[in-house]
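Got some structures for you, see below.
Look for chain A in each of the two complexes below; its partner is chain B in the first and chain C in the second.
Let's look at the complex of A and B:
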């Protein structure tokens, strides 16, 4: 009986239920926590995290210790490129966005080549690439962050767009639909899962494994740069470590959403739930007005607890 | 000091399957006993029991006339019994000297490893093979050595234990002729020093050069123990096969005018030394021989999964596949030998496994309904017993999992089907269904290249059988030549016997 319930309660469902429970638990601590403005605010914060975690979801599904630690740096680079190239002009976005996305995709593709052609472990390759990107940012900007955020970005991303809902929520939903289509309704998605489970089987079934892996890391870079663009719409300004703080929460969101670190199994709507859970925990701890240090300790414990619950699910192991 | 080892009436069952029914082996000082048998006759089980790797269910081991039981390989080593296996047991990241003296390092004050002494003793051992290797050195990393030199290290490692009984299990397979000569000289020397040797080899010629006696296993039973000087190849082969060799159930013929689907000339890979073959539409060409003679490499090369040289034509058109996808586009399919590691995505659904090679047919976005219909049809055709199409493959039994591996290729209607030992670990009922399926495919005109490690299967199903030995075709058998005796003789690398044994 319990096993049956457990089977039906896949990790994304658990995460989503947890998010709802946390929201109302927030109301017990502080009745002001449960209202529409607060809910919208939380979804908006989760949206940034969720968009940045989209590429990470793909990379982790690709297996073989797949992980992309260059995401934080690429988010920063994407934001800086848009900031600089557009220089506050709405029309300039027409080329600033494609250039930023292409830069992200190129960095990701280089990661993919290093990993699948040269055979560098993903952790090492992407960590090294994070350093290279950070360094490149310093060289290009000389530490001087000149430019501007086009006003339309603020309108489309962070200000209320339809009713009280800011644009970023709709963008996040669109990313969600696109990711679902990509993973579940394209050949690439099916091949990505196959590559994540067993690369020999995939190759002997006609999957071009190196191409899939390179494309996956390239997509991760592209989505990170896109995340930088979105983040810029919120912060309106750039700084050198804009994306850094999102790197590990994004990985945690993917794992909380039930995507298996060993690869081959996962979903983006799980990651979306994971992003909501993390943002809620964070907001709740803030609402409790705990010291930052205690917040971190509690957050760490919750993560370990959640992931150990998932780990016990038999169908996740083997 | 003289030694004698005797295994008497050994029985070993693995979860109901009898690997050894009545294994007997006697060897004593100054003797080389060759242990022979066809695939699955129990050779390796018997040598594993002698060396303490597995425990027998019944029977006894006598060492110097006294009953002994070995709880572990270490216990057997302590009693002076060591083995050299073809699957190397060396640690790649350690040096030659460290590997040879692993766990019996020369010590100083009983604790510290005496490196100088270890080095000196290693050099002394390497001198035994001096001139027969290139890079071998006491301080060389094992990972950097070519296969033949690793094998030499393996032999020296066993010898460093000062054994009284030594088992050489296919120890010559990766050695060149000069190295084999040197080893045989050493064996003569070791015999004079009272070592007892059990020599397992599939090279008849070597057995006649080095062995004093031959012990023959058949279906887990020791059926013969003869002096080499009083026997010949023919007699040994006849001992290895059943007295009444399995008759062929059906004579099958392919229309001689059926078009040639696949033609191969001089195909070479690392393991293959020039293969020629031809398969016609509707023909089932068997590939036989002892395991590891290049059969898998042949199929993998034809499927574009490993690099090769040579000429291959498909229906007259020259092709050179460099990736399985290229082969698939020409209607070639490959059913791998190891389901778990090469054929299936265990945690993914039956549906996804069946459709994996075929997704490009279903458009963007994927028309999953149509895919599900196709997959369900194949699953029903194959009689796949399943909880649902969305259940993970890990929920299926071995035979049903195998149906998924085959089904995913049948969905593509292949014109050339490459089968790499597909019935390994499949139960009898599922095998029979599989045989029927093969016949249906032949009727439909599919050309099939079928490697099997089961000789009976080859005899029953195939029109022709190519026997591979050491990367070459040692015999092509068809018609009345296609019988057990010829199959076994050819897998031992001995010449083609034209006549049925008396």
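Let's look at the complex of A and C:
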């Protein structure tokens, strides 16, 4: 019975239903939890996580233990570059954003080269790169974080833009549409899934595997830097570990959204649902005002439970 | 031609590159710090590195078996909190210390068994599962010891620092660790371990209890995390519920620098021991080479990337010249 339901419902649908159920469950714990302001607030928080998890989705689909642990550091770098280069001037964003995105893409491309050309496992390559990016940030800033956030970023990202909805929600929707088009409607998307399923067959059917992998990691870097820019619009200031806390939640969001860590299967709208679920759980635990120890323990159990619903690998017997 | 031969050696002895790297970094460190091999300095370094060495040893076993353990650091925090927060005080008798250590090992194996059960029997993906369980262990650590503090008997630190027969006490422990690995590798479990990590389907088809082997690798990882926590607790003589958080990623880097492949089925603890010494020596070099403070992180990361790139580059150059 459960197996039949599981077959009919795809992981993204389960995650989305779960998010809605969790939201109303929040009302049972605290009636003040269920209202439009709170809902908008949760979607807004999920948007940051979701945008940061976009690149991770692509990398994980590319397979061969694909994972990008440099995302947190690149988010920080993107935010710091925009903060410093724009120095609080709206017009300066015209070059600050492209430079930040290019820096992210370059870092990602280096990851891709290390992984697909030199053959370093993605986990350690991107972990090492995270250290390099953190180190570069320290060298560049010498610990002095000077700069400013252009006022237009606050208006476009975190303040209400249309009605009560802040701009980041629309930006997230736009990222979602762009990711869907990229994955489902472009040649790159088709090649990416082919590479994720099996690199040898992809190569034999004419896919230029190294190019696809490098482009995927470059996109991940670019999207992480973009995530940094968006996050800056929310925090209005930078600090040295701005992106770090988003790294593993982003991976968890991807997995909860049904993208398989072994690659070749997944969707961004699953990741979006995953980001919503994770943010809701976090908000619920906060609303319950538990001690941090209990919060962590409950979060751990819920994560294990979520992963066990559909994160299971195939049986050896099959 | 020489590269070719080197490559063939490197394939057979996965830690050959680590050994080369070890000699190079030790030589550089020695030229910057002539007192490196004096008993006092040697003892200090090894004492600082030993807890991470134990943790990375457990990580090595999991990785050879085809998994990964992202909860390793949280398990160290948990056991450290248990030891200082509820099992020991500064006035504990030797019997109480022994009992406390045994309970700590049991706790480590228990949480390792939870990881193992989820990964091996529920077939959950190792990376996210151990990441998720790490929250539980971090929460338990905070529950047992809400804030840093506490103490353990001072005698323990004295023994840990001692140098019987003019050899640091830690060296005996490292020799024990290596003997344990050589013995483990010779057992049937050892053979099963490499088969499980290398070719799980083939291993399953030829009757290897793949799931049980995977389960055991996580139990061993929990045990080693507990041992690492005991060594760390003695070394710092106090408790901190977040003490191990940063150790997880370091343990994985050490395993890879030591020549164990992340894809499983190959490698060993001897390489990992070298990996830890390499990482520690690199940090020594950076502090003795007068690298400006703000550049230290970058230099450290660049050297680690270079160390990771080495074996791959040899393979790449070899392919180019064929």
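The working rule: the second predicted complex is superposed on the first by the 306 of 318 C-alpha atoms of A that agree within 3 Å, B and C clash if a C-alpha of one lies under 4 Å from a C-alpha of the other, contacts with A are read in each partner's own complex, and residues count from 1 in each chain.
The rule is simple: a contact is a pair of C-beta atoms (placed from the backbone, for glycine too) under 8 Å apart; a residue touches a chain by one contact, two chains touch by 3 or more.
Nothing here was measured: the structure is a model prediction, and the numbers come from that model.
A.B. asks: Would you check which partner chain A:191 touches, where first means chain B only, second means chain C only, and both and neither mean what they say?
C.D. replies: In the superposition, A:191 contacts chain B only.
A.B. asks: In the overlaid three-chain picture, which partner chain does A:265 touch, first (chain B) or second (chain C), both, or neither?
C.D. replies: After superposing on A, A:265 lies in contact with chain B but is clear of chain C.
A.B. asks: Does the superposition put A:284 against chain B (first), chain C (second), both, or neither?
C.D. replies: Neither partner.
A.B. asks: Between chain B and chain C, which makes contact with more of the residues in chain A?
C.D. replies: C
A.B. asks: First (chain B), second (chain C), both or neither: which does A:114 touch?
C.D. replies: second
A.B. asks: Kindly classify A:206 by the partners it touches after superposition: chain B alone (first), chain C alone (second), both, or neither?
C.D. replies: Once the two structures are laid over each other on A, A:206 reaches chain B alone.
A.B. asks: In the overlay, answer first, second, both or neither for which of chain B and chain C A:169 touches.
C.D. replies: Neither chain B nor chain C is touched by A:169.
A.B. asks: Check whether A:65 is in contact with chain B, with chain C, with both or with neither, and answer first, second, both or neither.
C.D. replies: second
A.B. asks: Applying the touch criterion given at the start, work out whether A:299 contacts chain B, chain C, both or neither, answering first, second, both or neither.
C.D. replies: A:299 contacts chain C only, not chain B.
A.B. asks: Please identify the positions on chain A that touch both chain B and chain C, taking each partner from its own complex.
C.D. replies: 315
A.B. asks: Within the complex, which stretch of chain A touches chain C?
C.D. replies: 65, 67, 114, 117-121, 123-125, 127-132, 134-136, 138-139, 142-143, 248, 251-252, 255, 261-262, 291-301, 303-304, 307-308, 311-317
A.B. asks: Can you name the residues of chain C that touch chain A in the complex?
C.D. replies: Interface residues on the chain C side: 68, 118, 122-125, 127-129, 131-140, 142-143, 146, 200-201, 204, 210-211, 249, 252-253, 256, 261-263, 294-302, 304-305, 308-309, 312-313, 315-316.
A.B. asks: Per the contact definition, I'd like the list of chain A residues that touch chain B in the complex.
C.D. replies: Result: residues 181, 184-187, 190-191, 193-194, 197-198, 200-208, 264-265, 315, 318 of chain A touch chain B.
A.B. asks: In the complex, go through chain B and note every residue touching chain A.
C.D. replies: Per the stated touch rule, the residues are 303, 305, 323-325, 328, 334, 336, 341-348, 352, 355-357, 359-360, 362, 364-366, 368, 392, 394, 408.
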